[in-house]
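One chain, subunit A, links the two complexes that follow: it is found with subunit B in the first and with subunit C in the second.
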Partner chain A sequence: MKKVKLPYGIPDYNLTEIVREIPNAEPPALPVNSKLKVIGKRVKRTDALAKVTGTAVFTADVYLPGMLYGKMFRADIPHARIKSIDVSAAKAHPGVFAIHIFKEMIEGANPKENNKKSGYPEVKYAGQPIVGVAAISMDIAEEAVNLIRVEYEPLEFVVDMDDARKPEAPLVYQTNVNQETSSGGEDIEEGLKSRGNVRGPATKSFYGGPRGNLKKGFAEADVIIERTYRTQVQTHCPLETHGVVVDYNRGNVTIYASTQSTKGTRNDFAKTFDLPKSKVRVISEFIGGGFGAKHTLGNFGVMAGHLSKQSGRPVKLMLDRKEEHVSAGNRPNSLQLMKVGAKKDGTLTALKLLSYGTAGVGLGSGVGNIAQAMYECPNFKMDQYDVFTNAGPGAAFRAPGNVQGAFALEQLIDELAERLDVDPLQLREKIDKSTIRKVQRERGTQLMNWKKPKKAGSDPGPVKKGIGVAQAHWPRFVNLDSTVEVRVMQDGAVEVRSAVQDIGTGTKTVLAQVVAEELGLKSADITVLIGDTLFPIGPPSGGSVVTGSITPPARNAAHKVKTKLIDLAAGELDTKAENIVVENSWFISKSDRSKKISFKNLAGKLRVEQITETASRSDDYGGFMIGTVGYEELGAVQFAEVSVDTETGFVKVDRIMAVHSCGRPINISQIESQINGGVIMGIAYALYEDRVMDKNTGHQMNPNLDQYKMPFSFEVPEIQIELIEEYGARSSTDATGIGEPANIATAAAVANAVYNAIGVRMTEIPITPARILAALGKI
Partner chain B sequence: MNKFSWYEATSKVEAQREANSTVSETIQPDADPEAAVFKASGIDLLDLMKEGLSKPAKLVSIRNIPGMDEVSYNKEKGLRLGANVTLAGITANPQIKKNYLALHQAASHAATPPIRNMATLAGNLVQRTHCWYFRSKELVCFRKGSSTCFAHVGENENHAIMSYGYCVSIHSSSLAIALTAFDAIVEITDKNGKIKLVPMKEFFVLPSVDRTRETILKPAELITAVILPEPKTHTVSYYIKMGSRRSQDWPMAEVAVVAGLSGEKCKTANVVLGAAAPVPFISKAAIDAITGKTINETTATAAGEAAMQIAVPLSKNGYKIPVFKTIIKRAILSLGKPPENVIDWALPDRIH
Partner chain C sequence: MKYKRKKPKTEKTGRISRRGFLKGAGITAAGTVLAGSGVLKLQAQTEEKDKTLGPDAVNIKIKVNGHVRQLSIEPRTTLADALRKELQLTGVKVGCNRGACSACTVWIDGIPVLSCMTLAVEVGDKEVTTIEGLAKDDRLNPVQEAFMEHDATQCGFCTSGMIMTATHLLEHNPSPTEKDVKVALSGNFCRCGTHPKVFDAILDAARKM
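Our next item is the complex of A and B:
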């Protein structure tokens, strides 16, 4: 171990240095961004040109010789036992090469309740896949699917969460069920019992269980507020739907996948098909979005595997938009009953949370840890229940749980501030122990010219303006299974290799930047090859872990390569290694600066064609933070300005000010892209998106992008971003993620602004014109 | 989508010889497996085919028939818009903007710029309802031949609040709202080449009259133009659409008002509501409330109130009533002058 001094704190606020004891192999401390050349700059995406010119190859663009097209027959009723399946006509259809019938589902809570007689999985939601077909064209595959006949024994079903909670509701599962947590997904507590369709309560998170004594806490309170909040089901809607091309090739499998985890997809496939991991290669060079729903192989991937194995040909199986909506994941809804107790001065004395949510046939509908972790409150308890319904399984979705949780908590705190007659930022000043959010509030206050909000609903005229604020909390997760290889070749070419995929956030570019910085090169000098399990395994793109997990090993591997090059340079320049500095692609002798050799020339002196170094993510410097409530996690403060037309109920977001930080920023433009995206998604969640299920038929009514309402350019307000550098001395790059924190506070900020505009609390989202008019008593 | 053959018609006669059915007929259980239907730009038709609702054997493309996208003006006959004129074409036409503002506004606020570049006038009038039960392959509703209207007891937030029978769908065409308000006439060429002139208000069919279709069109009947009568002096108009988003969205309520003014006084008026009923709805009550009166806040408000007297909302669309009241009022008050301090769909703060 060695001791190093690392930058610590927030520039222009409390920046200092801290001494950490770190392993000897770690590179020296990286100075603050203002002293760096590539890191922390607005470096253009390495793949920008490929994307805008359409040469980037997404899974949907992969065509292999002899490739077949897969299509699945899906249940058109929400709950049934399958009596029989007749695929004879489909099989006989010219152009059909393979047909596979599912014996088991892998998505959702993994139902094992097969129909004893027929041996087929029970149908538990409309759109559940049953049979797959591979044919020489998509048309023929579709025709064949239309020839399949399935005989059902229909069962009673329930798609509405409130109905499903009733004792007389039809049961989705007859037994207690479990489900593995997906990477980056909401915690799923194991072994909980179900009563009817209600499973739980889950009372713990990785921050621990209940604290203190609620009764005592509420008894000490001067003010108690109790409210119920509801959030809707939101579907992910990635532009590229879920899909794979599987080339089984007699057990030497290659899979092109639109996945957030090349590792997860490979491991799922190897397990399902009982193959060694070394026989399965997953390639994912470009991904058209995932937002949490693309962590696993999926039923469609399993199906493509069977069809390819059976036919001996590559099989492409991409979901269509309707399949994507009904079967490929969603953010569960929530019903949250919250009760807060506080002293007159704002000190929280007790906080209680009871929540229900439905992830359809899946688990993971909790509302996260935000209520537990954001504010200081000695007495806390939460009970979170999953409710099963006959709908497609939920999946991790950009800050799982915390987005729902923030909507409730941050309105409750806003209401508490009003009740105590203090500025909502002032109240947070009192109860929020996070330093980063303190600075964020200060910056936001200045930039917004923030004053205590006017009396809610006090604007004259039909169109009322409002202002609101909300905060975010997100844990600093790290994934240690993050390995990077750096190569330097004799011609001076530098290559970075890792199986980590770039979900679109710009992982390729940050890798290039970090390696370039370390080697004294420009990011354009670095070739980044990622998204392929032939390379060392990288983290899944979930939990906002990627940049914080993959950039330290990238720097460490580059550093190892640099050390070797310095030794080589020392020999060439006839000096000691300690006497060499690397600047702007030159290796220079400190004592005699006329003695120098360029990176390229030095590489030419390599004894072998290339040198390769590999590094894996080391433990966090100073120990991991996860496990206890620490107030120094990732924070954000967002402000919203809205206009509400009280005669039509139409809400327009005029402006969002997003104050964020993500440790050491690596690429400012890419971070801003993430924040823009998170804010837009948050606005969509607050005002537009809603999966509409028909109670009577069990079908989703809007499984398209016409009636399922995403925001378009007119819906996007002015988004201002204030990014705060923050050094925590936690790793060799000290970077953390931003994808999820960007999406947590927006809906609550908008809801608080709407309240300030109209004087009525909107406790249910989306805040549609119908809900505004109802709240104003106009219906 | 089913396989189909394609016929590229070069004349109206050719197109009418090839077509033997309507798209509406292909959606019914007794659809002719050999159905051949007109395709203009195919936006609505392809949506229906992709969902597996319509499976025509042949598409007769009328999109490139010479002359069908012409716009001509004649002092006596008024403005004649060829059936294939696009929504973008309507939007860009300065004469329409000047003399038929509500039509300009209706066209320019429908869908999105790329869709408006393709979408034709006739296709817009003949498109089918967007009732989401109707649009689901899995659900065979009353309009598609069963005895169940799912919307009646289901998710009916987008549905009708007036003039419905058992089927509570709303008609999708925004252009029809404005055109009805202008007393436009649909020029239909029948199978024998004979021209019928049908007033807009007689063009649409209520489901209580015939649930299988939404217009009077019979197989192979071709809309060749829509004719807008020459506007009288002092005729002004205004259209407002309210949707849940400001772009790429269907109206939750829309209104077109056309009025003949003499000073502040309203001599003649037409008020037509969209997204209210299974066909464009002419609100006699609103018309009566302003005809002969001075246009001001009181009369405009009264018109909105009067229009909604007969509304009978379903379980989830009661919100449409205050929305209609507001947009009717605002459209009337905007006649001749744009409103201030309202979030108005017709006046986005960013221009497209």
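Our next item is the complex of A and C:
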């Protein structure tokens, strides 16, 4: 072990240094970004050229010789036992090469339940896949699917959460169920019992269980507010749908996958098909978005595997847009009953949350982590219930739970501030112990020229303006199963290899930057080869873990390579290794600066074609931090300005100010892009998106991009971003992610601004014109 | 291999088939550029030539990015599928396959159209341009340059459609306002939420052109 001094704190606020004891193999401390050349700059994406010229090959773009097209027959009723399946006509259809009938499912809770009697899985939602066909073209595959006949014994179903909670509701599951979590950051408590369709309560998270005594807390309160909030089901809608191309090739499997986890996809496939991991290769060079839903192989991936195995040919199976909506994941809705107690000075004395949410046939609708962790409150309890409905399974979705939770919590705190007659930022100053959010509030206050909001609804005229603020909390997760290889070749070429994937967040580019910085090169000098399980395994792209997990081993591997090159340079320059300094791609003798050799020339002296070093993510410096101090680091504060037309009910977001931090920022422009994306998604969540289920048929009414209302250019407001560097001496790069925090506070900030505009609380989203008019008593 | 195929099942079951729908709709313009009137002219010409084709494959010639290509395709093949599958021009993306996201935007005689809502056989002797055809002699066009410069891509799946729409805008309106840009892009869906940088990139490209 060695002791090093690392930057610690926030520049222009409390930046200092801290001594940490770290393993000898760790590279020296990285100074703050202002002293670096590549890290912390606006570096162009390494794959931007491929994207703007249309040469980037996504899974949807893979066409292999002999490739067949897969299509699945999906249940058209929401709940049924399958009596028989007739695929004879489909089998006889010219151009059909393989047909596979599912014997068990891999998604949702307890997918293998009810499998014994008929031999077929029970249909639990409309759109559940039953049979798959592989044919010479997609048109023929679709024709064959239309020839499949399934005889059902229909069962009573329920798609509405409130209906599903009733004691007489049809049961989605007959027994208690569990579910494995994906790697996307959702929190599922194991072993809980169900009553009817209601499972729970989940009372714990990685932050622990209940604290203190609620009764005592509420007794101490001067002010108590109790409110009910509702959020809708939101679907992920990545522009590239879920899908794979599987080439089974007699057990030497290659899978092109639009996935957030090459590792997860490989491991799922190896397990399902009983193959060693070494026989399954997953390639994901470009991924058209994921937002949490693409962590697993999925039923479609299993199906493509069977069809490819059976036909002996590669099979492409991409979901269509409707399948994407109904079966590929969603953010569960929520019904949140919150009660807060506070002293006159704002001190929270008690906070209670009772929540229900439906992830359809899946689990993971908890919302309480943010209420549990963001504010100081000695007495806290949450009871979170999952409610099963006959709808497609939920999936991790950009800050699972926290987006729903923030919508309720941050409106409640806003209301508390109004009741106590204090500025909502001032109240947060009192109850929020996070240093980073304190600084974020200060910066935001300056940039917004923020004053205590005017009296709600006080604007004259029909179009009323409002301002609002809300905060975000996301724990800093790290995935230690993150490995990177760095190679230097005799011609000076540098290659970075890892199985980690880039779902559009810019992972390739941050890897190039970190390695370039360490080797004294430019990021354009680095070739980044990722998204392939032939390379060392990297983390899944979920939970905002990637940058904090993969950049430290990248730097450490580059450092190991550099150490070898320095030894080589010492020999060439006839000096000692300690006397070599690396600057701007030159290896220079410190004692005699005329003695130097360029990176390229030095590489030419290598004894072998390439040198290669691999490093895995070390433990966090100062101890692995989750749930203890980790939550401080990914805070954010967002401000919203809105206009509400009280005659039409139309809400327009005029401006968002997003104040964020993500440890040491690696690539400023990419961070801005992700924040823009989180904000826009948050606006859409607040105002537009809503999965509408038909209670009578159990089908989604809007499984497309025209009736499922999405943000387009006119829905995008002015977004200003303030990024605050924050050093925590956590790793050799001290970076963290930004994807989730960007999405958490927006909807709550918009809702608070809408309240400030019209003087009526919108406790249910999306805030549609109809809801505004209803709230104003106009309809 | 040859396959005998029945009429598509979809027509019998009363669902709207792509062929039936497109026959009524003609070539569908992307975004709001329909006003360019060239589309309507194109539609009239297409109707004139209307005759029953298929269901078996037919040979067509199609001019794409300056080259005439001969294809054997089923008449129901969309232009998007013909470009992607037959010509490997996979820069043309299909996001929704029903004209709601504009990822599949290409130009026909310089006018943006949704290639997922256009049949390949409809194109006739018009010239198709895809994202792959924008760079001349390996030199990117200013919109492509600006997209790189302004980090106007995230996952990149909407990028081709955005650039095709934006380039057409700048060719017809060299100094657009931000509102002009938003109008032009109003049909282009981007789930990553890259819009602010896309607007910046296009306005910057206009200044540099």
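Here is the rule we go by: the second predicted complex is superposed on the first by the 768 of 779 C-alpha atoms of A that agree within 3 Å, B and C clash if a C-alpha of one lies under 4 Å from a C-alpha of the other, contacts with A are read in each partner's own complex, and residues count from 1 in each chain.
Heads up, the rule we're going with is that a residue touches a chain if its C-beta (ideal position, glycine included) is under 8 Å from a C-beta of that chain, and two chains touch if they have at least 3 such contacts.
Predicted, not measured: the structure shown is a model, and the values here were computed from it.
Asker: For A:G649, decide between first (touching subunit B), second (touching subunit C), both and neither.
Answerer: Touch partner of A:G649: subunit B, not subunit C.
Asker: Going by the touch definition up top, name the partner, subunit B or subunit C, that contacts more of subunit A.
Answerer: Partner with more touched residues of subunit A: C.
Asker: For A:G54, using the defined touch cut-off, is the partner it touches subunit B, subunit C, both, or neither? Pick first, second, both or neither.
Answerer: In the superposition, A:G54 touches subunit C alone.
Asker: Classify the contacts of A:T768 with the two partner chains as first (subunit B alone), second (subunit C alone), both, or neither.
Answerer: first
Asker: Classify the contacts of A:G461 with the two partner chains as first (subunit B alone), second (subunit C alone), both, or neither.
Answerer: First partner only.
Asker: Applying the document's definition of touch, where does A:P711 land relative to subunit B and subunit C: first, second, both, or neither?
Answerer: Both: A:P711 reaches subunit B and subunit C.
Asker: A:D139 in the overlay: touching subunit B, subunit C, both, or neither? Say first, second, both or neither.
Answerer: both
Asker: If you stack the two complexes on chain A, which partner ends up touching A:E672: first (subunit B), second (subunit C), both, or neither?
Answerer: Only subunit C is touched by A:E672; subunit B is not.
Asker: State whether A:A257 touches subunit B only (first), subunit C only (second), both chains, or neither.
Answerer: neither
Asker: Using the touch definition from the top, say if A:I744 reaches subunit B (first), subunit C (second), both or neither.
Answerer: In the superposed model, A:I744 contacts neither subunit B nor subunit C.
Asker: Starting from the residues of subunit A touching subunit B, keep only those that also touch subunit C in the other complex, and list them.
Answerer: Of subunit A, residues 139, 142, 706, 711-714 contact subunit B in one complex and subunit C in the other.
Asker: Quick one: in the complex, what on subunit B touches subunit A?
Answerer: So the residues of subunit B touching subunit A come out as 1, 3, 112, 130, 132-133, 136, 138-139, 150, 153-155, 157, 242, 244-249, 252, 316-319, 321-323, 325-327, 341-343, 348, 350, 352.
Asker: Would you tell me which residues of subunit A are touching subunit C in their complex?
Answerer: The touching residues are 42, 44-45, 47-58, 60-61, 63, 94-95, 136, 138-140, 142-143, 146-147, 236-240, 286-289, 291, 320-321, 503-506, 669-670, 672-674, 676-681, 704-706, 710-714, 716, 719.
Asker: Within the complex, which stretch of subunit C touches subunit A?
Answerer: So the residues of subunit C touching subunit A come out as 1, 3-6, 8-10, 13, 74, 76, 81, 84-85, 88-98, 100-101, 103, 130-132, 134-135, 140, 144, 147-151, 153-160, 163, 181-183, 185-197, 199.
Asker: Considering only the defined contacts, which subunit A positions touch subunit B in the complex?
Answerer: Touch list, subunit A to subunit B: 76, 126, 139, 142, 461-463, 643, 645, 647-650, 652, 687-688, 692, 694-697, 699, 701-702, 706-707, 709, 711-715, 768-770, 773-774, 778-779.
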